Each structure stands twice: as structure tokens, then as C-alpha cells.
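Following are the structures in question.
What follows is a pair of complexes built around chain A, which joins chain B in one and chain C in the other.
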Partner chain A sequence: MLDQGRISSVQLFLLLVIAEAATAFLYAPSDVIKMAGRDSWLTSVIPTISGLVVAVVCIALAKRFPQQVFTEYLPQILGKIPGKILAGVYTAVFIHLSSVIMNQSSAFIHVAFLRETPLVALEIIIGLASIYGVYLGIEVIARQNELVWPVWVLSIFIIILLVAESINPDNFRPFLEKGIMPVIKGSALFSSFRGEVFLLLMLYPYLNKKEDVYKSAVYHLLTTAVLLGIITAAIIGVFGELIPVYMVFPIYNLARYISLARFVERIQILIVVMWMFGVIVKLAVFYHSAAIAAANTLGLKNYRLTLLPILAGTIIISRLFYGDHLSLTHFLSHIFPYYGPVVELVIPALVLLIAVILKKGGKS
Partner chain B sequence: MIMLLRKIFFSLLVIILLFTSGCWNRREMDTLTVNSALGFDLIETNGETKILLSVLTIKPSQAIGGAGDMAGGGAGQQQSVTGQVISITGDTVEDAVRNWNQCSSRQLFMAHTVLFVIGESVAKEGIGWVIDFGTRNRDIPERALVVVCEGTARDALQAQPEFEPLLSTEVYNILNQNRYFTSKSKATDIIETMYDLLTPGRDVSLAFLKTFVPPEKGSSVRQTPQSIDGKDSEGEQPDHKVPTVAGAVVFRGEKAVGRLNEAETQGMLFIMGEAQGGIISVAFDSTGKNTSFLFRDVNTKVKTVIEKNEISFQVEIKGTGELISAAPGTIDITNRSDIQKMEHMINKEVVYRCRKAVNKAQELGSDPFGFGDKLHRTHPDVWKKIENHWGEIFPHVKVNITADFSVEHSGLIDKSLHIR
Partner chain C sequence: MESWENMISFLRWLGKLLKHMTAEPTGALLKPGDPGYQEAHTLTTNLDKNIKIITEIFGLSDDLMVRGMKIGRGKKQVRVAVIYLDPLINHTRLQQGLMHCLQTIDHLPSMGVTTEWLINNALSDGRVIEKKSFVEITDEINRGAACLLIEGLDQALLIRLAEKIGRAVEGPVTENVSKGAHDAFNEDVRTNIALLRKRLHTTRLAVENLQIGELTKTEVKLVYLKGYVIEGLVDEIKSRVRRIRIDGIVDSGQVEELIQDSAFSLFSLLDSTERPDKLAANLLEGKAGLLFDNTPIAIIIPGTLINQIQSPEDYYQRYWFSSWIRVLRWLALLTALLGPSLWIAIITFHQELLPTELLMTILVTREGVPFPGLVEALIMELSLEVLREAGLRLPQTFGQTISIVGAVVLGQAAVSAGLASPGMVIVVALTAIASFVIPTQPLSNTIRILRFPFMLLAASFGLIGIIVGFSILTYHLCSLRSYGIPFLSPLAPLSFGDLKDTLIRAPIWKMLFRPRLIGYREPQRQNPDQRPHPPSRKGKKFIRRRKQ
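Then we have the complex of A and B:
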């Protein structure tokens, strides 16, 4: 274990919540509403189950090696060469996911606010803030997150409370007009976001009370389901199910639409605050996993050495492959729903199966 | 090694801080023109149809005399800001916005837009691109109201506001208060317009902005800004048009098909449940309308009734209010039968206005009430069958309207005066 930090179960829970919701709240509703229409608020329920499956698999695997992270014990399960290769694959996955998050974070600021600022400049600034957190270790990220989440959750509730008067209950009818299938399709999209609970593979060893891990995971899944369900419901309640389809960032438009007594207006800046706070923590978590995975793969003693190359790599990937809006949304709505479950569920499940068969690691 | 790295890293951070202490693409006040309303017209130039964008810009006024003038009136009352209309053409609306920079050294800053004025030409051709512009542009607030004007938007924007420094704020305030004061025109913002455009079984209705030359001369509140050389500009502009809103324009799809007058608009707002205050005048014991009722707290329920493939709508309007004026020798509010008689008359009048609105809308083939939407939400199975024919079905749909208003108060005096 390269990072000697320790985090509590509450910190783990909050970290997981922000690590998922920080980007999902801005990007997911539009895509989900495209698929599931006015019943989209339901789509946050079903993925909880798939998220739970992911969590159970990951925890079972992690419990076999309580003092090591996923990429560290892979060679012990699969043998040296295949294990290293899979660890390398996971390093690439974490770097890739980081670059997608990086791209999302700068794209929103670029489209909605600073149109003339070069995206690379935004990405470098966000990235440096995140890797500084990673440099200091998981404990610092977790503590920073403790400062972030109240702001984050409060902002969400303020926005929804202020916009509540514009909610039209008629927008939710007729319920399940086209049957349950669109909801299930939309859920598939959310499932891959919810599956980000697989970060447990990389975070479990830092937990100070290992027996509380289930509590953290379950609370995380429930909280995220409720949060994203409320956000999606508020968007549909105000805009109906047809307008958000056209919107790139519906929750941002929702915040812009707030006008309480023509006095409380223009509070969309709250979204930016939430966005930057959340994205920096989320990126830090993914960077941390990527750095540790890279150090394990390469056999380094200090994971911090990998940080600057990873930062450069993510920025390059983000600029080269997700340079335009289309490629980002295409990835999120057409590739991630397949790609996500593979790295989040299928591979860890196979590894767990092999570990059980070969009786590797401690009892779980 | 680590300590050295740390030092280098920190000094890097400090250096970065120096360069990131502001916004990269900052827009300072002295490089911007702030606009308050946008007008959209189509014009023909050299055989091509182009977009004429009229921008109502906010001009900070020149320094006014001195503070000491305040007591003297006159100059002291001068408004602090004035508006100026500047128009530009372009192939598309954004082209026009950018063409602005060819004739102005200042960038257009649209975050204070409160009003979209759509000229007749655009309303007839289709307003879709205006709504696209309004929602796509990141500066324009979604709460900006959309109105259709008589003639061109360029002319309408040049009307002289009477109470506010800017026409846009005046119209914006008129429309926003309208729901509680008269309920005779509809305030629709960009998002609501988009909602009506997109939702099946629903048509757009927008307020109608009219300008007219007031008969009163030299109204004390209406002032024209003095030009710099002290010449009174009043002589150069013989007709000072003032803005007013009058009824609503209804659309079919994105194209305007007709107008509802004030009474019909009120009827429409009753059905939509958006009328929250206004006057209903009735003829009580007389041939002319002589007694007025101020309604409040209106609650409308629209029910869909389906009997043997026959779709009809049941509109129930409930409300309360007070007697607000009465001609001498007519109503006696202390007498229950008089109240009942009055309530009956009010109900009849409300139903009449709603009926007129429905008839007019059916005649125009436009459904601004959202009856089709209501059907969709309550009977999705029925809607599925007729979805594509709603435009043909709606003009023949039966709408039953009932009203139930109660007179609860009568101001500070009760019965009407008995003149001896």
C-alpha cells in the first residue's frame, strides 16, 4: 500500500457520493430524459440495484486482501505477467475516466461561462488543484471533501427549493406512457454512472474500520439515488420532458430560471461553485486511483512521481479524443453504458471468481 | 529531493496565481453596450430576405447639471438612463449580432435582456429561430418575456415609455403585474414559449404590444431627453408613441394566426388558470354595464369527458372577489338576493368571455389553452389515436364552461347610493 492514509467510513461514504454525483448531476439528466422521457426520475431507482451488485463484488474481492489495493494484488491472483497486464489496463481505465471527467469539467465552464479561455488553460488549473490533493494523499482528499459536500448538497437543495414554485405536476402525467422499457434503457445509462462505486477496489484498504464498508456503500447508493432522482424530477417538473432533451446542461438552465419575487435571481453561479468543488474532488479520487495503479504496475515505491505524467496524459486524451461536444456525449450515452459495466463489474467479478477458485487471499 | 520538488511546485503555483487572478475573457463595462430589449423583423434588401435585429441599448445619460439643481425641478427630474434603438441586419440572427461590431466599438452584452419583441413579419413566418436564439445564447436570461408587436419591432421599440426610463422595463413590468391587476394580456417568457412550441396539443399565445399616440399633450411624466446643445428634441419627433399591451396573439405551430382582444384574452387566462385579478363589469338593473366586480383567487379545473368517441372538456372556474363599484340605486349588498343576482351575472359574464375566447381560438384553429395537452395527460390512450389530427379535431370539440364566483366584500360602504 503506497498511501499510508486512513479514512473513516463516513468520509468514504461522502467521497463516493461526490465522486459520482459531481458530474452526473450536470450531464446525466439530459441523456436520461432523452431515453426515458417524463418517467426519468424513476431511472435513479433501478441502478441502485446494479450499483449494489458492483459494491458486493468489489467488497468481497477487497476483503480478501484488506491491506492492498486492487492493482497490487492482481499479480498474486492471476500470476505475475497477466496480473501486471490487467493492472496496466486498469491504470489506463482510470486515466481514461479521469480525462473524460477533465473534459466534462472544462467543457461546461467553456460553454456556459468562459468561452474565450483556452480549454487547456482551464484543464491545467483544475488538474493542478486535483493532483495537489492527490500528492498529499487520500486523507487530505477525504477531508477536503468534508468541506465540499455541505456546500454541494445545500446548493442543490437551495436551487430546487427556489424553483419549486415553477414545478407543474401535470408534467409527470401520463405515468409510464410508453411502458417500462424506456425507463430500463435510461437506467442502463445511469447504471454505469452508479457503478463508479467500484472505486471501493482502490479505496477499501484506507478504511479504518473495515466492517463499516457495507454501510458506506449502501448509504452512498441510496443518497445518490435520492439526490439524482430529485434533481431529475425537478427538471422535468419545471421544463417538462421535451425541453430538457434540447438542453445540454438542464440543471444549469434550472438555476438560471430561478426568479423568486424578481429579487432572488441569477444564482446560476451556485452551479459553478458546486461544479468546481465537486469536480476537483472527483478528479482527485480518480487521479489517486490512477497514480496508485500506475505505480503498482511499474513497481514504483512512490506513487507521486506518476502524477505529472498522468496529468499531462489526461489533458492530451481529453483534448485529442473529446475535443467536441458530440464525441463527449457520444461516449457518455453510447459507449460508457457498455464500457462501464465491463470494467466496473465483469472484470472484478471474474477476478473474484478466480481468486475464490484458486483460494487466493484471506477469507472473505 | 522531495523538498526541492515541493519548493518548485509551490513557486509554480504562486506564479500561476499571478496570471489567473481575473477572468481570461473579461468584459469590462467600458467595452460593452448593455441592451435591454431585442426586436426581430424580416426585411427585403436586394431581393434577399434578411433579419433586422433592433437593439434597445441602455445609454447612461450625460452628467446632469449639478446637485444644486434638484430644488429647481426641471433638470433634477431628468432620468438617469435612456434607451436608444439601433438596428442591424444579417443573414441569421447571430450574424446580425456580430455585424453589430462593424458599426459599434462596443460589444453587445445581452445578459440584461428582459424583452423580446417579435415583429409582425417574423410572427407570420415563424418564431422558431427566435426561441432557438433565446435559449441557445448563454447570456440571455430565460425569464425574458416574448411579445408580438404591431408593425415592425424597430418602430415598436422606439415608442416612448412613460413611467420607466426604458420601454423594455415598462412593458416587462406591465406584463408581470397584469396577472394580478387586469388579467388582460399574457406574460410568456422564453421557456414557456418553447414549452408551448414543443408540447403536442398546445399552441403559443403571446402578448400583443401596441403603440399609439396619446391624446394628452405634455404629460408631466413623459420627457424627452434634452440634446447636448440644449435644443429641444421634441420638435423633431412629432409623434411620441407610447407602448401598451392589448390582448394576445395566438399561434398555430410557430406561425401567428390571429389575435384575441382583451376580453377574449381574459377568457383564455380564466381557462388556463392564470387570471388572478381583474375587473368584471356587469349590467345590474340597467341596460349598460354599471357595476364592477374585482375577482381574486381564481381556481380553474379542466376535465376531459369522453363519451362514445366524443371528446369534450368541462371547465370549472371558481373564484372570489368583491364588489368594487356600483351605480347609484342599483345593488344592495346587504340583501342576499341581490348578491345572488350579482353573482349570477358575474358568472354569466365570465362564461361569456371564456366562450368567446374558445370560439375565436377554434375559428383560428389554434389551441393556446392546451386542451390537447390536457387530453394527452389524462387519457393517453385516446390521445394516441388522434394525436396527428388534433388540429382538425380541436375546432369541433365541445367545451362546457361553468363559473362560480362569490362576492365576499364590498369595499368600505355596502349598499349603492340612493340619490334623492
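Then we have the complex of A and C:
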């Protein structure tokens, strides 16, 4: 283990929520509403079950090697060369996911305000802030998250409370007009976001009381489901099922909708800003996993050496492949639903299977 | 040719520099033949020789007094000598406690004079100790003891007769409260210990002596409550203090820099206070303290950020009011840190955040100002900083001049000359006032410095710059530890139970437990059932019980 930090089960729970929700809430609702229409708020239920499956697989695998992270024990299960190759693949996955998050956040800022600031500059400063956290270790990221959490949740509650009067119950009726199938399709889209609980593979060894891991994972899945359901419901309640499809960030439009006593207006920027606190932590979690995975693959003793190359890599990927907004939305709605389950569930499940057959590691 | 000579002389200078840098530090170790080497030896039985060595050790000190006399009557008289440093001695006590006693000795014991006999029969002063070596004797003389040497004995009696030099106990200078004790530490460590002991009448209060400085030999007292202090903390403090090898210290601030955890952090990782009640309360939580001779500021170990934005007064006022003040203080802290940068971000990037009417007013007042927001803010902030420093250094009689110059020239004239907008003046003034709300000096100073990077970030990236800066700041704060205790505790890592004494102040009877990370050795602080009730209810219960 390259990072000697220790985190508590509560910290793990908060980390998992922020690592999943901070950007999933931005993009997912508009795609899901496109598929499931006014019943989209139901889509927070089924992905919770798939998330639970991912969590169970990952925890079962992690428990076999309680003192090591995923990329560290892969060579022990699969043999040296295939293991290193798969560790390399996961390094690439984490770097790629980081760059997607980076792109999402910079695009969010760009759309919300700061239209003239170059996106590269934004990505560099956001990246540097996250990298600094990774440099200080997982313990510091977890503590930072404890400070960020109240601010981030507060931003959600401010939105929901202040738009509550505009919610029109008629927007939810008729219930399940086209049957259950659209909801299931929408859920499939969400599942890859919710599968980000697979970060457990990289975070489990830092947990100080290993037996509490199920508690953290389950609380995390439930909390995310509730928050996601509330947000989707609020979007549909305010805008109906037609308009959100054409919105880039429905939650941002929701914040723009706020007007209280003709004085509290245009506070969407504050919401974006509070949101960014969460995004910086989310990015730090993914960078941390990427850095540890890279260091394991390359056999480095100090994961901090990989930080600046990873930062540069993510910015380059983000600018080259997702330079225009369409390619990002295309990735999120057409590629990620397939790509996500493969890295989150299929590969860990296969590795677990091999470990069980070959009797590698301790009993889970 | 000239350049060659320059080159050679430069190389020579470089060589000297290297030699100087690699040379052994002088003063740390004494070799035979060095002037102070004899100090290591012990007394002889020859009185004259002893006196000679001591006066030699002190060299040409004009204030070293050597007074020879004979004690006893008739033929059995014994020669003695009293040596002391004149300015340090309390002369009344010297006269009554030593000289008078010696002169009135009638008969000496037949077995010969011993130190024991003198202590038991002759000397009336209580603080007498016996020493043999010159090092210890000269050390005691330096601290204001009178040394009594006796013919034929290789032991000296040292009577501590130091005059208390310095001011009386006065009120605190920086940590003022309206309700609560008004005494503060002063420059005499004995007085400081007395002030502390006056508050903690328990045998658990340990006062250990440490010494810093090869030449100054400054007395440092480590105070803590036995059985309550964090495990291992005392040893860690001692080892860090003993590691200090320095010619001298004159203030606790120097030691603070030498023993704190993070060498380069902007934050002060140890708390300091001049209030005995604050130190006592912190010792009760399970922390330790360092008191210094010649410094009215005590150090509290370990320090936390939360402790630095709390005032002892919070516990003396009603809890509703204290909680309100604490919330207000957090807001003031944020204002002091982010005030100008938020203003810059809003007027440069996010004008839409302001309500339209307000925006129009601000735009009109900013119309004639030739500078961008950042430059305007920097000019005003820098002049305010200079003004603040000037106010500190000036003699008190000039204080008024400065405030008039500050108010009129920087406020009114800058606006009417079109150099700054009224909005900016208000923000800068508000920031300055907010920074005075922070109750401890080190934190206030840190915030003053941090304001400037935030202004730069805000000017280049708007609110996102501020967010990034703030994230980096909190990351840094989360990573800090002071003697093993996280600097941000109990916020991060979160201990939920301790939050009732953090952002707010719960009623005293609710604060059942000590802080989780600090007071874990004796978690419970008071009886659980102490919430006051109206007397009627209790009275009834009492009567009912008596009847049974």
C-alpha cells in the first residue's frame, strides 16, 4: 500500500457519495428523462440494486486482499504479466474517467459563467487543486470531504426548497403511462453512473474498521438514490418532461429558476460554486486511484511522482477527445452505458472468479 | 589582471565562508583552558581559593559583591563569605534572613560548623539549598541567590533572595474580555505559575522545569494535569524542547517556531495566550502548556484552529449569546479572508449576482475610477495594512493623527479624487473591522496575508479562482497536525459530539465529555444530571423522599 492513510467508515461513505454524485447529477437527468419521461424519478431505484451487486463483488474481491489495492494484487491473481497489463488498463480507465470528470466540470463552469476564460486554464487550476489533495493523501481528501459535504448538500437543498413552490404535481401524471419498460431503459443508463461504487476496490484497504464496509456501501447507495430521485423529481415537477431533454445541465436551469421576493435572484452562480467544492473532491478521489494504479503498474515506491504526468494526460485527453460538448454527451449517453458495466462489474467479477478458483488471497 | 585578483579574493572569501560554516559552534562545549572550564570543578575546603575561583568565573563583573565576615564569639570564630549579584538581591531579606542571623550567632558547636547546623540553628530564611559544584553555584548566583561559603567546608549554602523585578499582575493586552477575569501573565515565571496554581488547586498539576539557551538559560515550565494529559504528549514536548541547541531565547515566540510541527505553514500550530484562565481551561481539557520566564505569553500544546477563534469569554456569557457570537465570528473570519476577493470577483466577472438596482448604483460610482478592480483593491488594502502597522508602532500621542489621516485621506479623499470607488472603501473597511473580531493574534495575521493570494485568484478566475484557492487552503488545513492532533479537529476528522463546543456553545451542563481526541483519558467532565430545575420540583421530590 503506497498511501499509509486510514479513513473511517463514515468518511468512506461520504467519499463514495461525493465521488459518484458530484457530476452524475449534472448530466444524467436530461438523458434519463429523454428515455423514461415523467416517470424518471423511478429510475433511481433499479440502479441501486445493480450498484449493490457491484459493491458486493468488489467487497468480496477486496476482502481477499485486505491490505492491498486492486491494481496491487492483480499480478498475484492473474500472474505477473497479465496482471500488470490489467493494472495498466485500469490506470488508463481511471485517467480516462478523471478526464471526463474534468471535462464535465470545466464545461459546467463554461456554460454557467466565465464564457471567455480558456477552458484549459480552468482545467489546470481545478486539476492543481485536486492534485494537491492527492499529494497529501487519502486521509486528507477524506477530511476535506467532511468539510465539503455540508456545503454541497446545502446547495442541493437550497435549490429544492426554493423551487418547491413551482413544482406542478400534474407533471407527474399519468403515472407509468407507457408501462415499465422506459423506466428500465433509463435505469440501464443510470447504472453505469451508479456503478462508480467500484472505487471500493481502490479505497477498501484504507478503511480502519474493515467490517463496516457493507454499512458504508449500503448507506451510500441509499443516500445517492434518495438525492437523485429528489433532484429528478424536482426537474420534472418544474419543467415537465419535454423541456429538460434539451437542457445541458437541468440542475443549473433549476437553480436559475429560483426567485424569492424579487431579491434572491440569479443565485445559480453560488450553486455552481458550492457544487464545484464537491467536484474538486470527486476529482481528487479519481486522481488518487489513478495515481496509485499507475504507481503499482510501473512499480514505483512513491505514487506522488505520477501526479503531474496524470494531470497533463487528463487535460490533453479532455481537450482532444471531448473538445466539443457533443462528443462528451455522446460518450455519456451512448458509450458509457456499455463501457461502465464492463470495468465496474464484469472485469472485477471475472477476477473474483479466477481468485476463487485458484484460491488466491484470504477467504472472503 | 584585475579580474583575476577579484576572482582570487572571491575564492578566498568563499573558502573563509565554508570554513566558517563548517566550524564547530562556539560556546556549546568548553575545552580545558577555556575561561569557563573551571566551572565544572567542585568547591575546595579553602575559603580564599573558593572566593578567588568564583570571582574569576564572573570576571570583571562590577556588580558581584563579596562580603567576608566572622561568625561566633571569642577564639572559636569561623570565617565566612557571602557572595551575591547586587542588582538581583532583595536587600531587606538579605539583611534580615542572612546577615543579621550570622552576626547574632553566639556560640558555635564544639564539633565544628557544618552546613546542617547552620540551616537548623542559624538561618531564618526558608529557601536554602546546598551545592558543591561551581557550575551550580554560579548558576544560582546568576538567578539571584546569595552564596554562603564557610571556612573549612567544601559545601556552599545558597539562599534564594531574588528581588521580584518587573511589573505587577496587570490586565491582558490583546485578549480582552468584558466578562471574566482581568489578570494576565507577566514577565515573571513564578508569578505566572502562581496565577495558574491559584486556579488549579490540585496535586495533579505538574510543573516541570526545562531550560533553553546555552547562555540565557531561560527557565521554561512545562505544566499539565497528571492523568488527564494526552498520552505521550509530555515526553514529546520534552524531547522537542531538549533538542533545541541555541545560544539564547528571549521570547516564547522563538521557541514556538522551533517546536511546532509544520515548518512552512502559514498557520500557527500552537496556541498562545496571556490569560491564566484560558491556560487553566485548556489544561483541564487534557492539553499541556509551556510558561516562559521573561515572556507574558504562554504556549498551549497542541493547538487547534477552533481554539484560535474562540475566546474564553464564550464560556462566561450565556450560551445563547455565545453561540450567536461564535456564528458571527465565523462570518467575520470569512469576510476578513474573502471580502475583497469576493468584491473583485463580482465586479469583474459576475455582475449578474447583484440585484439590478444595486448594480446600477455601483456602476455609477465606479465610472470615474481609472483602475481595474484588482489594482483598486490592492492599493486600498496595502495602504490599510501600512496604516495598521503605523498605528501599532507610533507613540500613543500620535495615534489620533494617524486615524485622521487614515479616515480622511484614504477614505474620503481617495473617493472624491476618483482613485477608489466608495464600494471598495466600504469593503476594505469592513474587512479590516472583521479581522479585528478574530480573537487571537496569530490567526488574524495569517488571514491578513492570505487575503492577497485570494485577491489575485479572484481577479484571474472569478469565483472559481476563490473556490480553488479555498479548496487548496482547506486541503492544507486538513493535512496539518499539531503534536498528533489534527489541526482542524473536531471538524475534520469529524467528531460529532464535540461540535457542540465548536460552531456554537452548548450550555455548560450539556458539555458532559472532554474533546474526544484530546481528553480521552478521562472522558467525562461532569455529572450527567446537572441541568438546573426550578426549586419547587426538586423540593417536592426531596420532601417525598424524606417522608418515606
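In the analysis below, the second predicted complex is superposed on the first by the 364 of 364 C-alpha atoms of A that agree within 3 Å, B and C clash if a C-alpha of one lies under 4 Å from a C-alpha of the other, contacts with A are read in each partner's own complex, and residues count from 1 in each chain.
Everything that follows uses one rule, which is that a contact is a pair of C-beta atoms (placed from the backbone, for glycine too) under 8 Å apart; a residue touches a chain by one contact, two chains touch by 3 or more.
Bear in mind the structure is a predicted one, so any value in this text is a computation, not a measurement.
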item: Touching partner for A:L136 - first (chain B), second (chain C), both, neither; value: second
item: Touched partner set for A:L298, first chain B, second chain C, both or neither; value: neither
item: Contacts of A:A349 with chain B and chain C, given as first, second, both or neither; value: neither
item: First, second, both or neither for A:F277, with chain B first and chain C second; value: second
item: Touched partner set for A:V53, first chain B, second chain C, both or neither; value: neither
item: A:L114 touches, of chain B and chain C: first, second, both or neither?; value: both
item: First, second, both or neither for A:F239, with chain B first and chain C second; value: first
item: Which superposed partner A:I125 touches (first chain B, second chain C, both, neither); value: both
item: First (chain B), second (chain C), both or neither touched by A:V45; value: neither
item: Touching both chain B and chain C, residues of chain A; value: 113-114, 117, 121, 125, 128, 132, 265-266
item: Chain A-touching residues of chain C, taken from the complex the two chains share; value: 349-350, 352-353, 355, 461-468, 470-472, 474-476, 478-479, 486, 488, 491-494
item: Sites on chain A touched by chain B in the complex; value: 111-118, 121, 125, 128, 132, 170, 173-174, 177, 239-240, 242-243, 246-247, 253, 256-257, 259, 262, 265-266
item: Contacting residues of chain A [partner chain C, same complex]; value: 8, 10-11, 109, 113-114, 117, 121-122, 125-126, 128-130, 132-133, 136-137, 140-144, 146-148, 263, 265-267, 269-270, 273, 276-277, 280
item: Contact footprint of chain A on chain B as seen in their complex; value: 9, 13, 16, 20, 23-25, 135, 138, 141-143, 176, 191, 194-195, 198-199, 373-374, 376-378, 380
